[in-house]
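Letters are used for the chains, namely A, B, C and D, taken in the order the chains are written, and counting of residues starts over at 1 for each.
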Amino acid sequence: MSTPQQDELRVAVVGAGRMGSDHVDRLAHHTLRTRVSAVVDVDVERAGTVAANAGGAEVLSSVDELLASGIADAVVLATPGFLHEEALLKIIDAGLPVLCEKPLTPDPESALRVVEAEVAAGRQLIQVGFMRRFDAGYRRLKETIDSAELGELLMLHHQHRNPEAPAEFTDEMVIHDSVVHEFDAVRYFTGEEITNVSVRIGRTTSRAGTVRDPQHVTVQTQSGLLADVEIFVNAQIGYQVHTQATFENGLVKIGEGSEFELTTAGRSGHEIDAGFVTRFRDAYDLEVQQWVDATLHGRIDGPSAWDGYATAACCAAGVAAQRNGTIEHVELAPKPSFYSSHTGSPALT
Amino acid sequence: MSTPQQDELRVAVVGAGRMGSDHVDRLAHHTLRTRVSAVVDVDVERAGTVAANAGGAEVLSSVDELLASGIADAVVLATPGFLHEEALLKIIDAGLPVLCEKPLTPDPESALRVVEAEVAAGRQLIQVGFMRRFDAGYRRLKETIDSAELGELLMLHHQHRNPEAPAEFTDEMVIHDSVVHEFDAVRYFTGEEITNVSVRIGRTTSRAGTVRDPQHVTVQTQSGLLADVEIFVNAQIGYQVHTQATFENGLVKIGEGSEFELTTAGRSGHEIDAGFVTRFRDAYDLEVQQWVDATLHGRIDGPSAWDGYATAACCAAGVAAQRNGTIEHVELAPKPSFYSSHTGSPALT
Amino acid sequence: MSTPQQDELRVAVVGAGRMGSDHVDRLAHHTLRTRVSAVVDVDVERAGTVAANAGGAEVLSSVDELLASGIADAVVLATPGFLHEEALLKIIDAGLPVLCEKPLTPDPESALRVVEAEVAAGRQLIQVGFMRRFDAGYRRLKETIDSAELGELLMLHHQHRNPEAPAEFTDEMVIHDSVVHEFDAVRYFTGEEITNVSVRIGRTTSRAGTVRDPQHVTVQTQSGLLADVEIFVNAQIGYQVHTQATFENGLVKIGEGSEFELTTAGRSGHEIDAGFVTRFRDAYDLEVQQWVDATLHGRIDGPSAWDGYATAACCAAGVAAQRNGTIEHVELAPKPSFYSSHTGSPALT
Amino acid sequence: MSTPQQDELRVAVVGAGRMGSDHVDRLAHHTLRTRVSAVVDVDVERAGTVAANAGGAEVLSSVDELLASGIADAVVLATPGFLHEEALLKIIDAGLPVLCEKPLTPDPESALRVVEAEVAAGRQLIQVGFMRRFDAGYRRLKETIDSAELGELLMLHHQHRNPEAPAEFTDEMVIHDSVVHEFDAVRYFTGEEITNVSVRIGRTTSRAGTVRDPQHVTVQTQSGLLADVEIFVNAQIGYQVHTQATFENGLVKIGEGSEFELTTAGRSGHEIDAGFVTRFRDAYDLEVQQWVDATLHGRIDGPSAWDGYATAACCAAGVAAQRNGTIEHVELAPKPSFYSSHTGSPALT
């Protein structure tokens, strides 16, 4: 055996909850060219437990402490969303690259402040954790769209189902926690901003708590393309994320089917993922690996702070649309030229 | 050989165009317990050619002549829709059962006049040619809904694609000729009236003439259920009619897949029907057979004149919604109690 | 209503058991241009019950009585196979067309006597009930083979599964009752005779009685083509009949998949038929309709007495192969030129 | 950035051809906890080119030189198979773990000598590159078999297709290069040795050179289970590897279907991999990662030298069966107790 010679990215994971702890495990054991140098959480005991899974990681209790320590080359931010703004502003100030779990921040106003801080800092530091952009199916579809091999893209239809939501899940969370992924997906596939959002709610399941479920969300992009989303967070059947793209000369569907077929009495077919962890495991792994590698090269090529801001604006419009039953315009600040060359489409590998 | 002893329904086919000629062939050669006694068309030469395919059928030039002749027990009406009202009123007056190709009439006002005439006549005589109610997949889905085996039905999603539409196809025809089938399907599946219709039009294909294509239509039923339709009449890929039903405890999809799988270089999969004639051939055959048998027993159990009227009202609302970009309420006259025991759900066989 | 004018084929059904009673129902109520003129069974009470479902059918107790009566233009023979020879010889002698349920007779010697009697009679009278030749998937595959659109056919792989077999099912019945269909299918698809048969038996299910189950049967045709069959009569999962054809330039699979997809907790997929009655219902209906129509025109175009004889010879070889573990040659008498222009491939409609 | 602190496995890749160069790339850039310390090839220029893709790797011209240098903790052996025996004996002698691309050696005699050398060395050093054991579908099926959730495994049916084979491909290569994977798969799935092999060859494609193609191979295991393989190396359609497992209570199919569906004019379906590199990319990556990790812990848990020997014996029997048309017994030396606790089933992750 030997000690390695290549450079490694020293990553601090801030937030030792479920996502943070998953990222520590991923970075420590399943990602090349990186190691976890610190785990940061106000609950230092929790941080300590998680750090124990990444031998050599220090345990710290605050972002301030982390930034003072100089032991990280980059940060993974996995605290609750309402804490993101404060942490991001400090991390930007310190000039560290950061992979920020979604949402960037919970509302467009705070998200815009983060965008402005990044612009002021003069270089891109933030990648937002929209992991679906790293899913193999999403990438194949994006490639098909960009190549124009089936002609122009005309429509997108999404189906997004969870087996069940917690009793306290709300209409707002349907938009902020679930449909936010499709807002980003539509922007990713089309390379355009979403200009309006509407929400229709019809018959709802008796299996939900207070949330009205399912809901039917429609968005439109700058060029007029329509995309809709069937969101059903108490669908019982498992976790499903499908997209169907309609082109001038054909269709593409992703997310259905599989190469494992099971036949038992009276029935043949495919199994459905239990949750997003298994459904998007490969996407999470690839997201983090590509972020590490881009960061080692001084780049950000995943979804940007602007993507975080724009989806926050879509969520605000979506919640208003739920409430008002109208087609809500999405209000966006002018896009800084700073982001103009950034596509947020990581290279296909 | 012998001459048969069972009674046969003597059917006159009015209108010797494409649909009429298909029905003559079906009645003469592929339907039990019936024969074509007359073919009626102002173009008697055309009627003669078609009648030659049904040995023994007389050739007549008008509905009046037909009704005077007494040679038909029942009528299949396959003239253009704008001629239906006049013919139907005469046929009702004569007391003959009639299978009327869709639409009942082109607008809700005239359709209501036909309904009122039937009510005045005191018994159901009209069945409207919504053949999808006789499709095996439609019936299986209807059965699944009615049995509540997957819990309550929550949403319906339809995809309706034609390979290409004539250059003169218009936005109005998208509703009247294509989406009308989904209007009836939603009413059939739910057993409810449609209360509102909206239409969104986004990016459109360069492969169409003046029609804006595709379009995205959403309807809601009395109990609030939402159903949407992706209609794309220049989809290039073939003729596809899919429905996905979302229930409290599961999903059902009909119209995709098949039991014939072809694999060639780089590709495995299913073939797509070329048009509605092949896609719904079995449905047409069953529709006509069940209509003949019900008529021999003095009954109508397929879609009624009321169904024809209600879908005409949906079409009127749909065209307004296309024009106005609003959610248009569907205005219906009070439903005569006359129709109250009629479900329009032909028995599953 | 009127009494019909077209000629009808008067059919006598001999044997009022399950298949016979199905055929009476089919002929009386679901088949054009025919009626059941007699039901024949030694158990006249059983015959009477069945005849009651076909108003006007006479009840007779023997083939002799039937042939003396002159009330049938043609016969459907649905008695147990060991009674076929005697009945067929009499029916041939009377010059009546007959649709004989499989097997023609239980062994090649008696089958050959029937063939010889038909040749002596000077015209084809017998069609054997290999209904799969009328299945839509089988026809599509046959068409693909004959068109050579995928190049030459190289291999056939069959899977044939029943949910469960009676406790008294034997190894011999695996061949005679089940694999006999694949023997005919291989002959139908290739247009060649089978020249040898081998059987391998490996691990067997604990769910069977004395039968060894599953079994793996391989046959070879005159030109050397190999076809194999996985036969599993206690497969539990339902009734499945699949064929995969390997061509020089592609593959075709029939019998899997469907257009009805059901998703419930953790699982999406297709349902499996419960038995051959539902799986091949359309094939039975088409078989009988095409036989009636061909008979009215004085023709036989379905599987012939020669097909019945040749499959009986395959079965004899198959049972020997089960016993001996060897590749058994199939012994066939010279094919009478009488059958040379008969393909046994009913016209595609 | 920092220099890493974890131990890394220093791997020498012997053989700088296609597979060797792939492994260098994989080890250097896509595998954790390892680095390429040397590339060894008699063609040192070729070795140099490949080593340039793994910064810091030395270039050597022989295994002797490598073993003298002390710069490798472990070896990946990717030379042509006929060179394996000599290299493996030296590597065993040096006590280094080795991942040996298949075959272990080209014939059972030399493979047995390698086994005996490993036994004499007193510990397992050799893993053979049967990468399919690391494929997700293979693992799911193995898990289903081992769990007995569908009851006992009764049959295995394999389909193995290549788009085309080189003109010089021979009957022997069909067995040694292609079916060898299924020999290992059957042993992996059942945990048993193969006791006999037979080969049937029927109609063959005109698209092949001198090889007879396709071929149908049947094997049987110690407990009597039958497994068959359709091998078709000029199938034109792409690269396909399917397995269907028949259980007492159900079926499992792996390798068909996918989550990307493409619909174009007249056709919907899945794309087929172009070759084994894409079909088994994830399996190769996992194979190497698990080998690195097991080696760092002083273990071998993938396919062993015994697996290499046993499959060589199956190949010898397979070639004899091709030649003789008989069921050939597979002759194996007694299995050393040394291998008794080794399952060759890498842990499911």
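Convention: a residue touches a chain if its C-beta (ideal position, glycine included) is under 8 Å from a C-beta of that chain, and two chains touch if they have at least 3 such contacts.
Note that the structure is a prediction, hence the values are computed from the model and not measured.
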item	value
If a chain touches subunit A and subunit C alike, it appears here	B, D
Chain labels contacting subunit C and also subunit D	A, B
Pair exhibiting more inter-chain C-beta contacts, A-D or A-B	A-D
Label of the chain whose CA centroid is most distant from the centroid of subunit A	C
Centre-of-Cα separation between subunit D and subunit B, whole angstrom	58
Averaged-CA centre spacing for the pair subunit D and subunit A, given as whole angstrom	38
Chain centre separation (subunit A, subunit B; CA means) in Å	45
Subunit D residues counted as touching two or more neighbouring chains	236-237, 249-251, 256, 261-265, 268, 270
Contact graph of the chains (line, ring, star, complete, other)	complete
Sites on subunit A touched by subunit B in the complex	151-155, 157, 200-207, 214, 216, 218, 220, 223-226, 228, 230, 232, 235-237, 246, 248-251
Interface residues, subunit C side, partner subunit B - complex	1-10, 29-32, 35, 37, 55-56, 73, 137, 140-141, 150, 249-265, 268, 270, 296
Interface residues, subunit A side, partner subunit C - complex	163, 236-238, 256, 261-272, 274
